[in-house]
Amino acid sequence: MNMNDIMSLIPLWILSSAAILIFFSISIKRNHKVIFVITVVSLLVDFFFLTGYSIKHLQPVEPLLIIDGFGIFNIGLILLTTLAVVLISYAYFEQREERKEEYYILIILAALGAAILVISKHFASLFLGLEILSVSLYALIAYLRKRERSDEAGIKYLILAAFSSAFLLFGMALVYAATGSMEFAGIAAWITQAHEMPMIVVAGFGMMIVGVGFKLGIVPFHMWTPDVYEGSPAPVTAFIATVSKGGMVALLVRFFNTLNGYQYTTFMLVFTILAIASMFIGNILALRQNNVKRLLAYSSIAHLGYLLVAFLAGEKLGMEAVIFYLVAYFITTLGAFGILATLSDKERDAELLEDYRGLLWKRPLTAIVFSAMLLSLAGIPLTAGFVGKFYVLAAGIQTHRWLLVIILVINSVIGLYYYIKLIAIMFDQKQAARTSQELHPLVYIVSSVTMAILVLSLFWIGVNPEGMMTLIRDVIR
Amino acid sequence: MMLASLIAILMVGGIAAGFLARVNQTACRWLSLITVTIAFGIILFIWIDEGLSMTLTDSWLRDLYIPWIPSFGIAFHLAMDGLSLLMLALTFFLGILAVLVSWKEIQYRVGFFHFNLLWVLAGITGVFLTMDLFLFYFFWEVMLIPMYFLIGIWGHENKQYAAYKFFIFTQASGLLMLLAILALYFIHGEQTGIYSFDYFALLNTTLTPDTARWLMCGFLIAFVVKLPVVPLHTWLPDAHTEAPTAGSVLLAGLLLKTGAYGLIRFVLPIFPEAAASIAPIAMLLGVVGIIYGAVQAYSQTDFKRLVAYTSVSHMGFIMLGVFAFNELAMQGVVMQMITHGISTGALFIIAGVLYERIHTRDILRMGGMWKKVPFMGTVAMVFVMASLGLPGLGNFIAEFMTLIGAWQANKLLTIIATAGLVFATAYSLRIMQKVFLGKNIEGHGITDLSLREKFILVPLCIAIIWLGLFPQQVINTAKPTVANGSHAKNHAAIHNRTRTDNVQYTSAFDTERRKP
Amino acid sequence: MAFYIASIIAILATIMVITRYNMIHALLYLVVSFLAVAVIFFMLGAPFVAALEVIIYAGAIVVLIIFVIMMLNLKEESVEQERKWFSKNIWIGPGILSLVLLGELAYILITSERVLLNNSVVDSKAVGMSLYGPYIIGVELCGLLLMAGIVGAYHLGRQRRKVVHRFLEKAEE
Amino acid sequence: MIKLLWLIPTLPFLSALILILVGSRLSWRVAARIGAGSIGLAALLTILVGYEFLSSGKDAYLHVAWNWFQAGDLSTTFAFYLDSLSMVFIFVITFVGFLIHIYSIEFMQEDEGFSRFFAYLNLFVCSMLILVLADNLVLLYLGWEGVGLCSYLLIGFWYSEEKNGYAARKAFIITRVGDTAMAIGLFMLFTVFHTLNIQDILTQAPLVWTTGASMAVLIAFLLLGGAVGKSAQLPLQTWLPDAMAGPSPVSALIHAATMVTAGVYLITRMHIVYELAPLAQLWVGIIGAVTLLIAGFSALTQFDLKRVLAYSTISQIGYMFLAMGVGAWSAAVFHFMIHAFFKALLFLAAGAVIMALHHEHDMFRMGGLKNKLPTIYWTFLIGAASLAALPFITAGFYSKDQILWLAWAGEKGNLWFFLAALTGAVVTAVYTFRMVFITFFGEAKTKISHVPGMRITIPLVILAALSLLGGFIELPHTLGHLTLFSDYLSPLLPSVTLKEGIESTEWAIQLVTAALALGGVYFAYILYVKQPKLSDEIKSSTFELHQFWFRGWDFDALYNLVFVRPFVYLSRINKNDVIDQFYTGLVQITEYFNTAFVKTQSGILRWYVMGIVVGAILIMTISLFVQP
Amino acid sequence: MNVLPVEMGLLLAGVLFTLGLISVLIRRNIIFMLISVEIMLNAAGLAFIVAGSRWAQADGQVMFIFILTMAAAEVSVGLALILQIYHHLKTLDSDAADKMSG
């Protein structure tokens, strides 16, 4: 590890230092505000540091990591997302009778894990990144100890994540046993050399897909999503829906491209089946859901299915589409859960459909932002979600994946129903009897500003996506 | 720039009206009225300025090209020809009436209502103007959302269901169109190396017959759902019935027309052979629509539902005419688009006016209104007659030209379609009988039209009679579009014109394109 | 030969683990299984890891679990309950699924090309060099992983107080 | 003056417009002046125009108002074309129309819809004028539909009665059926000639078609369809008897004098096409012959005074069709004119009777009015005599005689036509005088509530005079041989070529006709005055037949069964749109899947683990079987 | 030391893995589930050792150490969670934790 490596890893150092700093700061005095500020500042500093990197930057940190444009972009995405989550968390946790401070350590560590994930080029770093993320999430999910559901969600996630990690590890071991390398590039080289892929490697990759699929929450590894989404505190749910899944997607893209997985019908077939199943089952499950968090969970299953369509399309356009979709999806999901968090009160999260009835008339701006987010999820123009979906369809059509594309369209239509249902409830004339909150309004300014920025970027990317597209294209190269 | 300003005025006006309503509701109504009137004024200005002297070679009136997403070859490209001009004139005319008609009816969330109203109009304007397929899809969707809200918030009893149905039907079909657009884009890109969504570029795509047919189906389905064509029509009765009056007017008057417009603007020029190959089926569907809509209309007891089914029937003529492939039929179609917008819009307004007075749409509970409201009765009579195609009113010109054109293409179907006029008579007269004639069963005591309502309905009357007696101006305006097969390709001619907008004009063909 | 004996012991012990009603018994069998695996590690030329297996798996982790069991103060009825849950039917589905999976795995492994293991020993020094050479970042990450685990466990495992009011809670701290 | 031709239809139109817009605020006096005055002016103008036209000696005069619409090949003008044929028609329309308007002022005085009535009536006159003046078929179609509309409006004038509305709609819809055929005819004409200008078609037709060309026949049949609908001929005759629901002046103007003869106008106008399509022309004759018989017999059995007249109208138009069928164009037009006089007279007189008797329609509740309403009686009698074609003194005799003679002697005539016409003549005489005798003779059964005033009697007298004297402008060879009318039309309408050596029989035919007419009157006299019991016996002995005729040969029932019921049934059962079921089904399927999938989200951890295992097995199996 | 084929080592790992898997599926007691997952992780570690042994590399052992770390962290958090759940539900039955479904 030379100086260059160390320099390249500074964003990670900053993150880990921030975690440790908070750790110590807690041991001195617990102060929510201070720790919040530390977290925000460190994330910001980290991000600004990151923007200093050139997109063309390429610095492998042998053998585990590689810092390249793609990685930098994704780390940036993760940092911003984490920042947004942290910002909406402040108001959320301020009103809860729970120690708040550990939360920030855990979330920084989780972000760090995801960051590792997106720049790893080795099984070991992949695994460690994944586990840092997971272990932090176990605690985050169950963070609100007063709620039974939190524990339930936590233990479910823990057992299932460990279970799927075991699959991932076993798969890795098989691949390693056959190829003698744990580096992506090394494996790729071995396979190229061997001309055909031995079955044991295929099986190894297959088992790894189980682990990956679990993190992505695609069918049939999706069953945890609704329960965990429901049980977690709203900001954590946002985090799971975005960073955790997005990190995995980025990893998958890197891994698959390094291996050039597109030439193997087996994997294409597997992913096609998973994509189709995810789209259908996710959307159909969401149809009559009355819990907004679960609804969003099901919708996220479907969205990952859409994402897989772009992923399967492959080629450059497909990769661009994946990343663009991811960005749009991040913004949208953060927005949606942000609203959910803002509306939550001390007792419980605002997760029932009924909580939203007539919201437009009570809190018009909130309702409009939420509607914008839902419309973006539904892929309606003017929003980022539309451009994302357009991108995905374009990628699918370019490579003639008609089946997937048609199924995507059908599912978009099914999906419309429940997004619209939620919007319709907000526009209903009757109003929910939910009382407004008692906290000092200043607390909400942070959340409100965050939401405003999110919704503006949602529209900005929806109306003028050219900049983002160019950026992504440079990143993919 | 004028074209973009049309859209911009409506959008800005919508937002402004939305906020203004918090201060003063009446001011909000006036603001939206003024906004639409300004747009109408602009269109009239353009029409008078040069529409009256249009010639075949000089058929594109205005053009605006601003690159938007260059990496996909997407541009903000608006252009106007006679057809667009007519459609826009209709749009703003009905738009003004829609604002007026809501003056008393909408007392609830006035600001948001007018915001949606103006944005629907903006979306429709965009649809009628855009010459970039991506942008077209964009506007196509943009007009749906506010429309959804109009139905879903200010509708009648079963509004949610109707709004869902409307939204899902149109979205589903729209997405299929998007697929077709994308496929066309890539095919064209692979052929020429120029990746562009520009309408004029894509016109030159060479397609194998099979591909062409599939792609056309994608476009077609979006348009026929909107039109609507039996059996894809079932969203329409619900949506029309449940929408508030302004919503029904916009739906019937304009949204349905976007489907017809799409057929003329996109399906025929881009896929001429494929369209010709399915013409018999399409015409058959048109005829089925004519008959089926009429039969359905006859049995309805809900006034608005009845009128909605008449729309289905009337739109069948459009299908029939478009696929007859001759100028006469096409002129008939254009005429039908306008006259149907006026006549059906008027009938919905009458239904709304009645509903405001007696709070029911059930025609079995009406009857004998004439004695109380002779003026309304007379007006209704005019539009009922228009809907059954009485000569002297605009609809006759439309139907006559359509049928006489269709006769050249397919005799049997034309005969059946003509027979549909008998059914049209049956249901139209039923409206008159049940609502205005007969006995006043429930003893409704109602007042005749107020000044505002007269101000809405009388211009409609005048318009429909005017179109029936002096349709030539409309025909002339539409002529370059429908009469000349290579009209669309004449677009290049506009480059040489000095009188384009002030914007730096970049050609549609030399922007930066990228092979993805 | 020793490998096969150790393997059989490991498998049998594991089977015992998964069939016990009494948790403590199961854990003891687990220790046996881990020990057998440690033997195998040794035979595979990984003495350092064999030691770690004994210390951490068989030692620390199992002890931790036993500790928790004791904390929860589980009594006889829990064994009874375990027995009750252990009906015959419960085996059918999972059994079939697992057998299919195992069969596939075995098929894949057995049909793959036969490679004999080297006899070379990778001693602790090599492991150390590797750990603190290329894998140094991994080690650091392990530290963070453990930190996450500790913070999490600390937060979740903290005894809950009866909280009357949030301000009171603050006062107590 | 002739330049003002366009004013003739415009005046009624303007009047209609004024009355519609502000009519409700005008007093009845002003409304009446506007309504009737405009027609009066139009009539005056017609006479002036006619005078100038006749004196100019030109064949035709064309006034182009504006280009209506022009698209593709189709070019249509809003233009009025005046020639001798349309001259006759506009004369009848404006003149008889004017008389009827005057009559209506009194007849409708008490009605609250007074101005509305005049508005409709004016609109009707306008449309009818456009119809006959149209220079092209599209404009003709405009008038054609316009009169249909007004007919609808006027039949249903008293709209609060459900059955009036029904009759009105029936009239409109049934005529629309014919119009549809006609429209298709227009399409075909356009396909052949690329124009719809009447004169162009007529000049080109002989060049394009040879006699009997199938296209010509087809088109002729389709136009005949339109004519049959408007003129209430078989098989579309059923609407006219019901149309009597409208006020009597309406029946007089629309359903006797003018609109119902539009079919005659159309066919006469297009006679060149029919000359080229002998088969179609033959069918014109056949339809006329059959219709005149069927309607005649139905007229025999009616109770309602106006229904008798309605059937009689159908029957008389049948004569006109018969005449056209044998190529006796001018005879048809002549009969049209005379018929317009006497039938308008009869209707107006009947209206006066009905009004006098407190809106009593049933003849058998009238009676004995001879002395109480002498003016009405005498004028009615004159009209009846003209209708029954009493020999030598009535105009009806001369016009009908011409038809009978040409049906026998014309080249295209045949024995069957002649026999039908002859039988019809007898029947006509019988039912006409049955009507006269029952209404005016015998005992008075209802009290008179309203004695008609000047506005009613003057038009009656004028029309009566015309019914008597109108015939003397065209006299047969045997009786003076005056051919003013046919000469006048001869440049336009060809005369009939007679069969070889048949002239000598003309006087015999005339004698037979005269005798039969008188015999019919006598027969009626015996049955209804002398021995009323006899008529009752006949009635009861042939009850079924009687009822069958009374119901108009059960055409209504037939159409109900074949067309109306299935349509209504179909539309009723499908009220909720069966196609929607398909989409509802899709939704249900999706919901079913939803229910099924929701069960998998049981919340039980082991089950979730199972899901992952299943996924793993799936992937492994695929890996096993699908080689990369 | 006997020479033995790699497949046998991997097969043993596979068998142990499957046994752990069965156990997760059939156990309702959360602690048992945790233990079973540990068995699986251990099996995966075994596989890594075998693979490392095949290539005579230290990487397999390094991976094992990482797995070990992760298992330890996992168990600690897991047990803490189990304590919470026992507190709430008064049982270790995983099926009792089904408050969230649908």
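Here the chain labels run A, B, C, D and E in written order, and each chain numbers its own residues starting at 1.
Please note the rule applied: a contact is a pair of C-beta atoms (placed from the backbone, for glycine too) under 8 Å apart; a residue touches a chain by one contact, two chains touch by 3 or more.
None of these values were measured; they are calculated from a predicted model.
Undergrad: On the document's contact criterion, could you list the chains that touch subunit B and likewise touch subunit D?
TA: Touches both subunit B and subunit D: A.
Undergrad: What's the fewest number of moves from subunit B to subunit C, given that each move must go to a chain touching the current one?
TA: Tracing touching chains, the least step count from subunit B to subunit C comes to 2.
Undergrad: If you tally contacting C-beta pairs, which comes out ahead, A-B or C-D? Let me know.
TA: The greater number of contacts lies at A-B.
Undergrad: Using C-alpha centroids, which chain lies at the maximum separation from subunit A?
TA: In terms of C-alpha centroids, the chain at the greatest distance from subunit A is D.
Undergrad: Determine, using the mean of C-alpha atoms as each chain's centre, which chain is farthest from subunit C.
TA: Following the centroid criterion, the farthest chain would be D.
Undergrad: By C-alpha centroid distance to the whole-protein centroid, which chain wins?
TA: B
Undergrad: Quick check: how many Å separate the C-alpha centres of subunit D and subunit E?
TA: From the centre of subunit D to the centre of subunit E is 96 Å.
Undergrad: How many Å are there between the centre of subunit A and the centre of subunit C, using C-alpha atoms for each centre?
TA: Each chain reduced to its C-alpha mean, subunit A and subunit C end up 30 Å apart.
Undergrad: Could you give the separation in Å between the centres of subunit B and subunit E, each centre being the mean of its C-alpha atoms?
TA: Subunit B and subunit E have C-alpha centres separated by 65 Å.
Undergrad: Give me the residue numbers in subunit C that touch at least two other chains, ranges are fine.
TA: Those would be 93-94, 97-98, 101, 104-105, 108-109, 112, 135, 138, 142, 145, 148-149, 152-156, 160.
Undergrad: At least two partner chains per residue is the criterion; list those residues in subunit B.
TA: Answer for subunit B, listing residues that touch two or more other chains: there are none.
Undergrad: Find every residue in subunit E that makes contact with two or more other chains and list them.
TA: 6, 10, 14, 17, 20-21, 24-28, 33-34, 50, 52, 54, 57, 59-60, 62, 66, 70, 73-74, 77, 81-82, 84, 94, 97-102
Undergrad: Just spell out which pairs of chains touch, all of them.
TA: Result of the pairwise touch check is A-B, A-C, A-D, A-E, B-D, C-D, C-E, D-E.
Undergrad: Mind listing the subunit E positions that touch subunit A in their complex?
TA: 6, 10, 13-14, 17, 20, 24, 30, 33-34, 37, 40-41, 43-45, 47-48, 50-52, 54-55, 57, 59-60, 62-63, 66-67, 70, 73-74, 77-78, 81-82, 84-85, 88-89, 94, 97-102
Undergrad: With touch defined as at the start, can you tell me which subunit A residues reach subunit C in the complex?
TA: Those in contact with subunit C are residues 1, 9, 16, 19-20, 23, 30, 61-65, 97, 99, 102, 105-106, 109-110, 112-113, 116, 124-125, 128-129, 131-132, 135-136, 138-140, 142-143, 145, 154, 178, 198-200, 203.
Undergrad: In their complex, what parts of subunit E are in touch with subunit D?
TA: So the residues of subunit E touching subunit D come out as 21, 24-28, 33, 94-95, 97-102.
Undergrad: What part of subunit A is in contact with subunit E in the complex they form?
TA: 123-124, 127-128, 131, 135, 138-139, 142, 145, 148-149, 151-156, 158-159, 162-163, 165-166, 169-170, 172-174, 176-177, 180, 182, 226-227, 230-231, 289, 291, 294
Undergrad: Spell out the part of subunit C that touches subunit D in their complex, as residue ranges.
TA: Spelled out, the residues of subunit C in touch with subunit D are 93-94, 97-98, 100-101, 104-105, 107-108.
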